[in-house]
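Got a structure here, written out as structure tokens. Questions coming.
Should a chain be cited, it is by its letter among A, B, C, D and E, assigned in written order, with residues numbered from 1 in that chain.
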Amino acid sequence: MFKYILKRLFYMILTLFIVASVTFFMMKLMPGTPFTNQEKLSAAQLKIMNEQYGLNKPIWQQYVIYIANLLHGDFGTSFQFNNQPVLSLILTRLQPSLLIGSQAMIIGSLLGILLGAVAAMNKNNWIDSLATFVSILGISVPSFVLGVLLQYYLAFKWHMFPIALWNGWEYSILPSIALAFSPLAQTARFMRTEMVDVLNSDYIELSKAKGNTRWQTVVKHTLRNSLIPVITIIGPLTANILTGSLVVENIFSIPGIGEQFVKSIMTNDYPTIMGLTIFYSLMFMAMLLITDILYSIIDPRIKLTNSKGVN
Amino acid sequence: MSNNILEVKNLKINFATFAGTVQAIRDVSFNLKKGETLAIVGESGSGKSVTTRSIMGLLAPNAQVESGQIKFKGRDLLKESTKEMDHHRGNDISMIFQDPMTSLDPTMPIGKQVAEPLRIHSNISKEKALKRAQEVLELVGIPNAKERMKDFPHQFSGGQRQRIVIAIAIVNYPEILIADEPTTALDVTVQAQIIDLMRELQEKLETSIIFITHDLGVVAGIADRVAVMYAGKIVEYGTVDEIFYKPQHPYTWGLLSSMPTLDIGSGKLASIPGTPPDLLDPPKGDAFAPRNPYAMQIDIEAQPPYFKVSETHYAATWLLHPDAPDVAPPAAIQQRSAEYDHLFKAGKIETPIEGGQD
Amino acid sequence: GCGSKQAQAPKDTVGISSKDIIATADSSLNTDNIGSQALVDTMEGLYRWKGKTLVPGVSTKIVKPTNNGLTYTFKLRKDSKWSNGDPVTAQDFVYAWKRTVDPKTKSQYAYIFEGIANAKDISAGKKPVDTMGVKAIDDHTFQVNLEKPIPYFNKLIANATFYPLQEKTVKKWGKKYGTNSKTMIFNGPYKLVNWNSPDNSWKETKNNKYWNSKAVKVKNLKYQVVKDNSTSVNLFQANKLDRAQVSGDTAKQMKDNKDYGEVKQNSTFFIEMNQEKNPLFKNQKIRQALSLALNRKQLVDKVLGSGCSPANSITPAKMAYDPQDNSKDFVAQTSKTGKANASYDLKKAKKLWKEGLAETGNTGKKLDLVLLGDDTDSSKKRDEFLQNQLGKLPGLKITINDVPFKSRLNRAISGDFDLVVTGWIADFPDPINFLTLFTEGASNNNGKWVNKEYNDLVKKSMNEDANNPAARWKDMQDAQNIINEQQGVIPLFQNGEAYLTHKRLKGVDFGSSGTYNQMSLYTKE
Amino acid sequence: MTEQPKKIVQVKQLKQYFNIGKANEVRAVDDISFDIYEGETFGLVGESGSGKSTTGRSIIRLYNPTSGQILFKDQDISKIKHHGPEMLQFRRQTQMIFQDPYASLDPRMKVKDIIAEGIDIHHLAKSTAERDQKVKELLKVVGLNPDHATRYPHEFSGGQRQRIGIARALAVDPQFIIADEPISALDVSIQAQVVNLMKEIQRQKNLTYLFIAHDLSMVKYISDRIAVMHQGRLMELGTAEEVYNHPLHPYTKSLLSAVPLPDPELERGRQRIPYDTSIEKGYDHNHALREITPGHQVFCTEEEIPQYQDDAASYQTEKA
Amino acid sequence: MTDVKITAASFKKLEGDQSQNQEKISAPSLTFFQDAVRRLRKNKVAVVSFFVLVLIALIAFCAPILSPRDPNAQNPNYANLPPRIANTDIPGFRGKIKNAAGIETDPYSSNGVPKDRTYILGTDYLGRDLFSRILYGTRLSLIIAVIATLVDLLIGLPYGIISGWKGGVVDLVLQRIIEIISSVPNLIVVILLLLILKPGLTSIVLAIAFSSWVTMARLIRAQTLQLKEQEYVLASITLGESPLKIAIKHLIPNLSSTIIIQTMFSIPTAIFFEAFLSFIGIGIPAPNASLGTLLSDGQKAFRFLPYQMWYPALVLCILMIAFNLFADGLRDAFDPKS
């Protein structure tokens, strides 16, 4: 296991390296530079600016320097926020996004699992249809529409939650709910399909033959086995939720990272874009690793030994 | 009939499907005595599993029990509540499934799985239950049972898994053990071991066993009595010797003669041509008639009643009707009968078999 | 029920919405209004704006230049202190100004110091920083020497870029200065607390070390970035914000609300036509036709809302007044040419368009022009409207290309457009700030419209007539009339902002510099 | 056997390993050698996982052998280029019948297209009509109603499907057919149908079979010679009669003793012979298939031969 | 026991081979597709969804005929008019709307709109007819979805098949590529593409397709890995079939349900993603509308002009729900076990 994790970490670093390189060169493709359009800068200032950010060097040198700095944990300084180190920028903005993102994932996946399980157990009757409908609705409503509605009704009209802003935990509830809907819907659908399969399996039959009641069977044998594939989608979903959080952050005025991301792209803030990309990739891969480890914990058949892991 | 622990009477079961109603069980009756092994044979789709599932109360949701009774110690299981059935299952009546590879929960250590019925049905502590599970695992022949309790199903071989499944079934000393093709998925060598094991256990625990298979060889090794099913009906039942040496139903004849035996030469194997009928629309007469080389006019007109061959031997074929012409069973069957008579005469067997037309 | 606090904001705190975050609070580096507002709140330069009038800040009075308008000597208040207790001295100004001009600082606003002796050469890296014409005569006397008279110099230096900086503090924090409230000291009415870029809310509390802190009535200002209009309104109506900016349809819908108000900015938006890429635009009739085809009133009332007003001049209205008669607005004085060439008259537009096409030999041709704009909400709506209006000219098809701000600037500078919508916010409230934009060779003259007479007039106003306010005023008016007639650029509208203001909040004062003077704020329950 | 029959397949020291060099390396086939003669049925038995299918699949070149040689009609098949005419030729001459009648037919193809797949590949029909005609004939050969050509596999029973599989194999007129457990998944009553059919076709077309199964009694019935496989090695090889009636290797004996027989009386008196796999731990390169009596080979060392010969002799005395 | 008359004739042996009759199969002969369609038709929800989809698609593609007005024609004087249907009194279609103060106003009369001029779903901020815009917007969204899906199929399907079929090193490399692509946030890829290419329908479709095929490739690969071990595929190999033909004859048909279902899921994903892009301001360029741009505009005005959000949202929801239910139905229909 330990060896496996080491191996995976190695692959992660490799992938990160490639991602960093690819983004680096993609950045160079972007039209416009952060400085050439600042007409108010004198040539001398520009020169100093380019020198300071190393933009006067040939691209390959910039690349080598960038990667070398990365290895030292230095993501560079933002162009957009003068003199702000990218790392500290990301870290300041990451916290709210992580909070609402993880809450959304927890709410979404737990409720999704529950909904999917209930639907599977009542396969083909009205409860199933209702659950299916709820989950489809969850996939059908964009989070920004949902966010606006939640804010208007739950917060503004019925005073159940704060309307917006970021002044404590209760401010994270509505945005989390808005974000939770899509993972909820997706886990529910996945869970249902999977659980229907599991419910048809021989060991469930055996569990009933042992004298387990319906619920005992579900709790003891069904949930865990149905969860296995569900876990695999949670990783990518989490990564998605972090990129998609921009919209909800905007509506609820949350100082999150999503907005930062779009803004840095819009302002050609290369170091920030690259820093964020690497961060996202890191998180994405970490999620994959975590899900794989979880996977092996939940399913004893899976041994974390081969490099392919589980997709 | 007081020693009948289970009596199934006139059981009829249908399944509602898209295509229509499948008449899976069409009037099945049999009984099971304490301590005996009843084998149910018949080809795929003949209704063996549905019959046993109905005893367990584990029929699919689209099943309808049209009529019949399943009396366990005098109580009709079909009328029991869910709670009462939960109590019977795994306690009074246990079941072993066909595929040892899939009938264990892959994510639970086997010790816990074996202990589960104990925890459900008797109020004993976890430790005690696990202790008992270990004993049972030793009993079914899992080496190093104590250490292996924590292992997961995939860490065991097929034969071992089937032993574990058996351990689960017997851990509560059930009165009836239903084994639905417990060895079909196994190698011959392992199959032999499992059959030996079941025989041994039965001797020790005095359980009544319903053993389902389509392999007559296996039946010969384990059964006391045999019921032969075809298209949702029992077409012949009797003691194991009666069925194997003096079979009366042409389907049984076909089954027996399609198996190569030691001394069969390179001649053609006798086979049963054709396929079983569609239970969506079962024939009016004898369901076997279309595949029956001895079929008579009446076979397509009416279903044959059970004709009594002996006190323990009945067969549903018009051939046994007093008016029916005498037909000679296939050579292989005649040979069996002759062999039996020979053995009997030689004193190797005590009981003669009544009836028959030879 | 769910643990939410719907309690009203504390009484001693005023909640204000902000469009964006503070990018930097370093006065040398700041480039935007948000940063300026924070600096105006927390720092003080030589002067500050009170309404439309300039009042002394650290300087004891509004200084009159000596030496033919070339030397400004400021006497500084002795009681002006930094929040760490140190006095604000002339050295602080010298340091700050030199720092900004020093190319190493990479200030985008270094150019604004041009005219101060050697400033231009310093920022071009041709002269050492020490040669700059600023010096501390003593701790409380600060002297500035100009290369040539700058008639609007006093207005100019009210800008946050000219604020003092304490060398000790700036050096101590180095690059971190201005990124975080902990790295800063303040000499203004408020202090930034607990701010760390890129926070999206920040608080300013009253600075007790401020010399005039008695005059500061509101204890805390809480700025909050709110980008979504509905959220803005919801927060305002739930009393979470005392002053909330709204825009677009929301603003239009709120117009009749008693809390609604608008402020006019010293900022105009205009269309530049790329004469270099498309010689068609060299034709005056074509330019006039485009301008006349636009219904600016509709644009402002129906599309933009939020306090914008139609503009027929590149110089914003009610920004600068005749030095001889303070009631006469510069724009009003030139409105004749403006109205004649930049008000809606589709018939005339079509006629001129046809003539223009004929003159340029384009009769009957289908023209497909790209309109470059920003990708913000209001710009998009604006551009859609323009597209539609211009499309009414026969044979003209407009394709919109809305891109991010930086890309737009970049493309505009590199001439990659046919038409581009640009906005300009005054750095200081003087028409010259706008007129210089379109002289030949000016870096902002993206359309490359050239008129020699215009160039000469602008030059004259800055040189020969610099010390003669009346003549200077005349020069500027003439220049304005020329560009109006020629429609060298097509003025669109003067920008404004719409706000909802809580009834308890009084004394909102939007100054000439595009920032609020929060010292005049007070609350009345 | 008047003259030495021709060898159609020669397997020489075949080794087939999987996941070589990894932790989960499997030596599915570990150095086996045998010949199959033209026209005979060669039975291969052994427990699950003993390497039977792998052997079959190596012979039909679904795998590249790890080492060793497979000669088909004296041609080394591993030397055949993957997509050349020789390969096509080989693919015509050898065919396979699969174990699972449900998995071996593409559920989304009509029966006639399944059967005609080989005809199409090898261009054995000049026109659609000829193709249809061929399919019809094949269906008749395997005892199916030619009208069923336009149906889909799921409309057939297991036995019928298996016959479709046989028809598919026959479509290219092969000389050698590998039947990988063709009857294991079928009902007893149907098994006989398929076996009879295979025998019948063999007789008509002079086919050679490699018949893989784990049911010794059926294998004995159909085969001329039988090889017993265990853990990737051949334990015993001989004529069907010899191996079945006079098993020499303990594994074969054990296997035989486990075969259930439909005879209660025999079953009652049956003594199972357990097999102790630990003796295989001692197997090394000294062990090989060695002839004990003519045509009857056992996996053993040179030294063990006499011991097995004694064993074989005891059968003779028993008979006498 | 039996009421059948038993006569001597009853016991006459039947002649001929009875079993031959039995060989006749009673099930009707259907093609695989027909079978799936038959199952699908039994699923009422799926059928209804299908017709809803067809209807929406039809309406959307007939937008030029059906829409009452040019969707891009501005009339700023009639901006932000609420829905009104002439001569009716259906709530929500009276042409009245509550203003910020909560008082019901009649923008039609206050803007001097002629009596006979009605906008059934109201107008937007430039006085464009919302109904027409929704029609055109739906059309555009559907086009985006369909093209994106096609591209997705053309890359994802072959990629997945090759990766799964070849296995080994090829698979390893291809999977790494997928891993890298999916670990770069797709937003950045999309925005970069949009900045490099000219903004517009093509680049949006390309951008969406660029990152969306990965899921398809993954699914197809996993499925191919299983399929290639199937005995019918092995049979095809032993018959000498070439890999390309095997892919066409065996793999794709048997992957069809996966393909269809994934396609059905990626259609909504594409529509959604475009909506998201519109929200952050890089969607379809003006003046054209997509459901996404309409929604994000509507969302911004939701507080006072809720109808501007509700109607596009409603259409999107119906579309999504129909797609999802239909996909569910298809999945079940292609699963013979159901």
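One rule holds in what follows: contacts are C-beta pairs under 8 Å (C-beta built on N, C-alpha and C of every residue); 3 or more make two chains touch, one makes a residue touch a chain.
Just so we're clear, the structure is a prediction, and the values are computed from it rather than from any experiment.
*Asks:* Among the other chains, which touch chain B and chain E together?
*Replies:* A, D
*Asks:* If every chain is reduced to the average of its C-alpha atoms, which one ends up farthest from chain D?
*Replies:* Result for max centroid distance from chain D is chain C.
*Asks:* Tally the contacting C-beta pairs at the A-B interface and at the A-C interface, and name the larger one.
*Replies:* A-C
*Asks:* On a C-alpha centroid basis, what's the spacing between chain C and chain D, in Å?
*Replies:* About 90 Å, centre to centre.
*Asks:* Based only on mean CA positions, could you tell me how far chain B sits from chain D in angstrom?
*Replies:* Here the centre of chain D sits 32 Å away from the centre of chain B.
*Asks:* Whole-Å distance, chain A centre to chain E centre, using C-alpha means?
*Replies:* 24
*Asks:* Quick one: report the Å distance separating chain C from chain E, using the average Cα coordinate of each chain.
*Replies:* 48
*Asks:* Any chance you could list the residues of chain C touching two or more other chains?
*Replies:* Residue numbers touching two or more other chains: 228, 230, 234, 375, 404, 407.
*Asks:* Enumerate the residues of chain D that touch no fewer than two other chains.
*Replies:* Touching at least two other chains: 160.
*Asks:* Among the residues of chain B, pick out those that touch two or more other chains and give their numbers.
*Replies:* As it turns out, chain B has residues touching two or more other chains at 273, 275.
*Asks:* Sort out for me which residues of chain D touch chain B in the complex.
*Replies:* That would be residues 47-48, 157-160, 187-193, 195-196, 199, 214-218, 220-221, 254-255, 257-267, 270, 272, 275 of chain D.
*Asks:* Which stretch or stretches of chain A touch chain C in the complex?
*Replies:* Touch list, chain A to chain C: 31-32, 34, 36-45, 47-49, 52, 77, 80-84, 89, 92-93, 148, 151-152, 155-156, 159-166, 168-170, 173, 250-255, 260, 265-268.
*Asks:* Please name which positions on chain B make contact with chain D in the complex.
*Replies:* Counting only chain B, the residues touching chain D are 43-44, 158, 187-193, 195-196, 214-221, 223, 240-241, 244-245, 254-256, 258-262, 264, 266, 268-273, 275, 336, 340, 343, 348-349.
*Asks:* List the residues on chain C that touch chain E in their complex, please.
*Replies:* Contacts found on chain C: 228-230, 233-234, 248-250, 252-254, 256-257, 295, 298-299, 301-303, 375-377, 380-381, 383-385, 387-388, 400-404, 407.
*Asks:* For a test of understanding, state which residues of chain A touch chain E in their complex under the given definition.
*Replies:* Per the stated touch rule, the residues are 15, 18-19, 22-23, 26, 29-31, 129, 132-133, 136-137, 139-142, 144-145, 148, 152, 236, 239, 243-244, 246-247, 261-262, 265, 273, 276-277, 280-281, 284-285, 308, 311.
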